[in-house]
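Some structures to go through are shown next.
Shared chain: chain A. Partners: chain B in the first complex, chain C in the second.
Presenting the complex of A and B:
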């Protein structure tokens, strides 16, 4: 398994498209940080103008914590595409290029080959999240310093002490990793079903957009299916910045995400290990 | 027979369509075995089932005396192959591709083996180039290098001469003969170039509509076939008379300027030559124009009328 994993990582690492995600994250995070550094005060004033009628705001609200929160909230929406770009190509890309024939005539079981691909893409997702965290938190604290985090929700204002934020960010990045792992396994599953490398990437994004729309619309029919959509639970990272924390809801969402990973992996393995290679 | 590959009643169904229908096949150790058949006959499906890329609907496949279902990984470790066409990771160099597949096939002394196979297929000096810059012929050579990398006992080559220039085809033929004669390898060769099979295969199977319609030693199969033979002589009329007066008269098809066209078995050719020489007729050349190609076309054109032969 170690050899296979190393080989899969090598393949991901030598593909130019693998760096699109890192490049996109770098550019977007730096742009956000630059924009907030140049014009953050007026942006914050605009956001808080409604509150200033009721509250007196003191201290440095535009700090590394708030910048990281804004970055996380902005980028987490785009990251499924970056993940699908790699995961959706893992099996179908081999089929499209014909290398799957060579790969599956090596003395390894198909299950081991797929496990190696899954672990490799998981490591890729982890590195993507790690890079995002490093740029957001590192850059944020470097440019804006530390301070309390003000989280403005539609119906409440949450203020978290500076010392109480780091572990919440770590947990939020952990949940984001789990959420993106669902996207990765979903794209991997679609990738097992087709010989076209673009199809699974587009299909993954189409499904995420569809589920997100269903999750956003306040329609009674959709309310019944929302709890079963993985996209509903992918935004649970935000709950890590609630006060008090609703651990019951958070754990429930984590379970749903884990179950989705298990389901998508199960379908992937079932199909991949029985699939006839005809191309 | 010491079979290295054995198929028993192997079928592959796609709905009601039988891509392979009750195939029985044996490949002996140390021989070059030719796979022949028209497009869509089931050659590729059969080879893929041997390589476990496609699951048979029925029947059993054994390689090296081991059941493929139960010992898949151990069996695949002893096989090298090119299936359909040699595809590689185009964004990697040939060297990286070979390293990658060498690691997967657990090749011992990988660097030395890579050097050896690169020399063998004539790619030394180009190994650091990305595969996407390779011509089809070079990819075919790289495919061979990959197939031989882990020193397999059985080598399966699906249309290996496709894309090779005439020099490359000759080198490939010599390489296959080297693998068989000097290294004791077993080679299964699928090719649409029938002369290739005729020249290098010891045994062959002709597959048509998913069935093995003929299987046996190439020499034995062809010895039963009538050849069209042009015998170039100084006096065609005298040669015709000489043959007509002997028991070989029935072999004459027509008299041509400077030659006689005969239809005969391979074994008749020495008798004809001896008779004409004894009669003082000078022979300038003997050319057999009917061989495996005609045999193949006859079998695949009407397999139900063909004699089903199996030389075990």
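Presenting the complex of A and C:
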């Protein structure tokens, strides 16, 4: 299994597209940090103008914690697309390039091969999240220092003590990993069904965009659908910054995400182990 | 006849003069008491109940120096009233700068108080009207309602204990008019926001409760303590 995993990681590592995600994250994070460094005070003044009519707000509001939170909010919505780019190609890419027959002649079961692909893409997702965390938190603290976190909501502000934020960020990154794993297994599942690499990538992206739009639009018809969409539960990382924490809702969403991973993996294994390889 | 006219005039003017001088004398006595405190430092615990803002209590240090220097030092983010706790006393320091009218008696904190309305002569100042609930026995302001030019109405209630002789409160509770906090979802990048959130009123009131302990009086605090920044 170790050899298979190393081979799959090597394959991911040698594809230039694997680095698009890291490059995109680096550029976006640095851009947001630069923008906030130059003009963050005006952004905060705009947000706090209603409250500043009545109060003087004292303390370092624009700090590494807030910057990291803003980065997370902005980027986690886009990251599924970067994951689909890699996971959607895992099986179908081999079929398209004709290497799948060669792969299946190896003395490993099809299930083991698929497990190796799944673990490899999970490691990729983990590294992507780790890179995001490193740039967001590391860069944020380096440029803006530490301080209490102002959690921005459209109708509420939650202020969390600086000492109470790091574990929340770690938990949020953990949930983001689980959320992106749903996307990875979904793209992997689609990848098992086709013999060209573009199809599953585009289909995964289309589904994520569609689900996100349904989740964002405030139409009564969609309100009934929203709880059944995995994208609705993918933003549960944000609940880690609530005060008090709604553990019931968080655990329910985590459970839904785990169920989706199990479902998509199950379908992937069922199809891949029985798949008739013709090319 | 002459003496009757003089007597009638005195009789007519006396209530007005009394209405002016008695409340002013009371205010003056409070000012005198507070003037004994040249400066102080204390530990403060701040509790917040502000609509749309969730903020846990914060502890810090507070510094004051006559006539109007006030600073709260904390580690984190806090919300404070725009006026410092002694804004009322500072605004009515000059007894010739306002009219004081006795407006009845009310019970505040189980104490019978005299209600005094204060109207400044200067229309350009921040204070438009102050209503003070004064404990005449202890010569302390227990409650004040301030109508200000830029920050609406502010109610300040004060409870006294060990340091009542210096007119320093054990606690102060500010009640402030607050506009509803609302920013576009796109600005807050709040994808989880639901339209099902209750329709909150456009305006509400927020309270800030300051609890003081460890008063240290007249230590000759340096002005540097009040400079902004750590």
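Simple rule for what comes next: the second predicted complex is superposed on the first by the 274 of 279 C-alpha atoms of A that agree within 3 Å, B and C clash if a C-alpha of one lies under 4 Å from a C-alpha of the other, contacts with A are read in each partner's own complex, and residues count from 1 in each chain.
Following the convention adopted for this analysis, a residue touches a chain if its C-beta (ideal position, glycine included) is under 8 Å from a C-beta of that chain, and two chains touch if they have at least 3 such contacts.
Given the structure is predicted, the values throughout are model-derived calculations rather than measurements.
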| item | value |
| --- | --- |
| Partner chain in contact with A:40 - chain B first, chain C second, else both or neither | neither |
| Which superposed partner A:235 touches (first chain B, second chain C, both, neither) | second |
| First, second, both or neither for A:155, with chain B first and chain C second | second |
| Partner, of chain C and chain B, that touches more residues belonging to chain A | C |
| Touching partner for A:74 - first (chain B), second (chain C), both, neither | second |
| Touching partner for A:243 - first (chain B), second (chain C), both, neither | second |
| Contacts of A:61 with chain B and chain C, given as first, second, both or neither | second |
| Which of chain B and chain C A:102 touches, first, second, both or neither | first |
| Which superposed partner A:200 touches (first chain B, second chain C, both, neither) | neither |
| Of all residues in chain A, those that touch chain C in their complex | 46-47, 50-51, 53-61, 70, 73-74, 77, 147-148, 150, 152-159, 161-162, 215-216, 218, 235, 238-239, 243 |
| Chain A-touching residues of chain B, taken from the complex the two chains share | 48, 51-55, 72-74, 76-77, 79, 81, 83-85, 87-92, 96, 100-101, 103-106, 146 |
| Chain C residues touching chain A - in the complex, by the definition given at the top | 50, 52-56, 72, 74-82, 151-152, 176-185, 187-193, 195, 197, 200, 206, 208 |
| Complex interface listing, chain A residues touching chain B | 3-4, 6-7, 10-11, 14-16, 97-99, 101-109, 274, 276-278 |
